[in-house]
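Order as written gives the chain letters A, B and C; numbering starts at 1 within each chain.
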Amino acid sequence: MIELNDVTKVYNQGRANEVAAIRGVSLTVKAREVTVLKGPSGSGKTTLLTLIGCLARPTSGRVRLRGEAVSSLPEKFLAQLRRQTFGFIFQQHNLIRGVSALQNVMLPAYPLGLPHARLASKALELLAELGLEHRAGLTAEHLSGGEAQRVAIARALINGPEVIVADEPTANLDTALTQQFLEIVARFKSEGKTVLMTSHDPRIWQAPLADTVITLADGREAAA
Amino acid sequence: MIFHPPILALTLVSLLSAAAAVWASIFAVELLRRWDLSSGAESQVLLERRTYLVSAVMALVMTAELASLVLFVFNADRMAVMFVGAMCAVGTLNASVYGLPALLAKLAVFFAASLWLAVNYADSQGRDYPLIRVKYRLLLAVAPLVVLAAGLQLAYFLDLKADTITSCCSKLFAPGKPGLSGELTGLGERTALVLLFTGLGCLLAAGAAALRWPRSAALYGAGSAAFFVIAIAAVISAISLYVYEHPNHHCPFCLLKREYGYFGFALYTPLFAGTALGLPAGFLGLLRQPPSLGAVMPALLRRLTLGSMACFSVFGAFAAWAIWASKLILFA
Amino acid sequence: MPPWFERHRLLIDFAVASLLRRKTRNGGLLAVYTLIVFVLGSIMLFGEAIRREAAAVLSGAPEVTAQAMRMGRHDFSTRADIQKLGRLLGITHIEGRLWGYHYDTASAANYTLQVPPAEDSAHALAPGETIVGEGVARLRKLTPGGYLFLVSAEGKLLKLKVKEMLPSASALVSSDLVLVSEPDFRSFCGLDPDVFTDIGMRVSNPQEVSKAAEKAALRLPGFRFVTRADMLRTYEALFSWREGLLLAVFAGALLAFVILAWDKASGLSAEERREIGILKGIGWDTGDVIAMKMWEGGLISVTAFLAGAVLAYGHVFLFSASLLEPVLKGWSTLYPRFPLTPSVDALELSTLAFFSIVPYMAAILVPVWRAASADPDAAMR
């Protein structure tokens, strides 16, 4: 599904605060599998996720999505690809404040120009699947942490992505909510979606659900 | 200089556009020197980001230039009371030697900007910025035009003085008068109409050919530019007579007035739109077709050509209607 | 609906919601912006209305006026001069006109004394009667049926019964007018029976005005000929110039506002930056964000334009531009308190739109682009 070939990422290149966050990683994310990235803080998990999810361009090396080199696509197409292929769940749920849960879910589809009514019913359906239909009209800041995360999950699903990318999805959740999240991931897997997560949390990478676990250290893939 | 609000507004817009054009061409030079899509370096990312700004700026310039073209003509019409002998926009334009050149330059800017935006659109459809170099070279050609138009307009406004004695449409567009305007009128009504309608026929045929064989789109583009000139000449020498129902009133501007039901808008809108769509069809057809636009380009050429043909046909229909509905009979 | 249309509808939707979310900030900007458009619009609408009034006043004037000149100064014309003109091709009517100024010590104001032309039957006056302009009536507290007393420099007294007042609708020039009959005028000013202030000529075909004036000039050498078009041009130039000067001064204020707009647009709050980062993270590209932000700016701009234009319209036509009068008209005790005839046209409105919308959109473009090119991976941090 996604192949990385000797990818590096350097922040602030050429300046005094230059950071080499990824220093030559080659890996393959297999379709319909759950892949977990683990490693100590600062090892480059989030950075690698942004590269795989086409949120950022590698400084060197090549990222291939379904065989197509995406590293040098124009931004417009990169965004298009991101929209069609990936659903993102961020560490902070990153909902937009002052906007209703429903509209938050609809936002990723705005650039596609679907009719508003169809979009709204699709978003409502997704919220209902996650048991949140009664929260649809609430603005983001009035949701509880768990609810906010499920709204964020619904938002990640609105464009029907093949790949779900989640950065530390359980960092702010208690045990019960973590369990609930793992159930949702299991459902994704059964629906044939590819899931990619980073986590500090042993409950995630030790879960039977995880097909592949990749360990990062200091911007490189380390032996597990 | 006459301190007239529309003059100040027009000057403001043209100076802003010129500044934008100068900035964009400096950027264009930088881009042409340093563009390297395969690089992931930050400088390349910055370059790519700036292309978004250039597109937005050019879209704004184009909108402003189109609106200012209309304002320019209407203001000229309104200011006619200030000049001895002026009855409409022609008199005001004639009150300074820079008047007509300024108008022509503004027209050129409008068409050039629409051409650039079309190329920009085509470029944005390809996955490897296929036309980026063409686009920025074109920008380097468009920018001086924008500056020139702003300069001519400024010179014109500075040169305008109340009480200037000028001549208006009745004198300027008289057959036999030397110069371009005389030539245009001197065509003779019959010749002009024959040229207009056979020209339209040929152009539509060229359009049909371009639809069959996209490579011949260049011909259509050249044709639409030529047709624009023929059409303006025909409006001045023949169509306007029918609209004014007067055998000697040749004027391309009075048509836009309320007295004549704003009929000029019905004529000029499709004519301008047709040309603005036809030119890029020709230009894009002329280019070596980039592989990344494989399926997109023929479809785009088709849409541009069809849209342009439709506009020209509407123009032809209005022109024919003006002749048919007029009480003036020039040919028995 | 095609997708691009729906896309823009959704983007506008979001733009509106996001404007409403920051009510105080955008409200303040909108208020300043509206004020600017209001002042600009008032200046323009007022200038245009005044010019139109002047044109309306002049429309009653003869096409050509001939003034006798002696030593470069305006002198009386005589009946003999009118006879010399005789019949000229194109001139339909020739008449000696009587008018002059009178400084009234009682109200410390200058009046225009005038004898209504013979063909103006609506204002025909018998000796002892007068018709006064709105300004005179106001200063002297006159009503129809009342009496107006005028004292000439030599101490001659004229008692006039006010027959009616001139309608205040076109009062720009008529406000200081006192119409009197010919015998009253001559006796009050001590004029010989065969002299006139100047000679008015009517020409029915506008194309022939200058020809007719040329021909008449041959018969009356020493006379100055002024056509109505000349006067119209002078008015036009005078008012445009004042208005333009005011606008140019005001451009400074506009510039200040543009800087404010630039500053507002670049000084995005952390919250807004975060929002843009999220939007880019979830699949918007730079173009989408630019379009959304430009809609925001466009909505503010158009709202301010409409509100400012409506307010300016009310100010100029309902309140006689009370805030601007001193600047544009000059100070005079006799200055008319009259409603200007309401009228706006597309040229004025589009000029105002140019002034108010273009600089703002140009000012926010760069900051908007800068904000929109945030890294999409910012949402991950």
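Please note the rule applied: a residue touches a chain if its C-beta (ideal position, glycine included) is under 8 Å from a C-beta of that chain, and two chains touch if they have at least 3 such contacts.
The shown structure was predicted, so the numbers you read here are calculated from the model rather than taken from an experiment.
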| item | value |
| --- | --- |
| Touch-based graph of the chains, sorted into line, ring, star, complete or other | complete |
| Of A-C and A-B, pair with higher C-beta contact tally | A-C |
| Mean-CA-position distance for subunit C and subunit B (Å) | 34 |
| For subunit A paired with subunit B, centre-to-centre distance based on mean C-alpha positions, whole Å | 49 |
| Centre distance in Å when subunit A and subunit C are each reduced to the mean of their C-alpha atoms | 63 |
| Residue numbers of subunit C (touch at least two other chains) | 286-287 |
| Residues of subunit B whose C-beta touches two or more other chains | 49, 52 |
| Where subunit A touches two or more other chains at once, by residue number | 75-76 |
| Residue numbers on subunit A that touch subunit C, as the complex places them | 46, 49-50, 55-56, 75-76, 78-80, 82-83, 88, 90-91, 94-99, 103, 107-108, 110-116, 119, 155-156, 159, 167 |
| Complex interface listing, subunit C residues touching subunit B | 44, 47, 210, 229, 232-233, 236-237, 240-241, 243-245, 247-248, 251, 286-287, 290, 294, 346-348, 350-351, 354-355, 358-359, 361-362, 365-366, 369, 372-373 |
| Contact footprint of subunit C on subunit B as seen in their complex | 2-10, 12-13, 16, 20, 49, 52-53, 55-57, 60, 64, 67-68, 70-71, 74-75, 78, 81-84, 162-163 |
| Complex interface listing, subunit C residues touching subunit A | 1-11, 13-14, 17, 21, 271, 275, 278-288, 375-377, 379-381 |
| Interface residues, subunit B side, partner subunit A - complex | 37-38, 40-42, 45, 48-49, 52, 124, 127-129 |
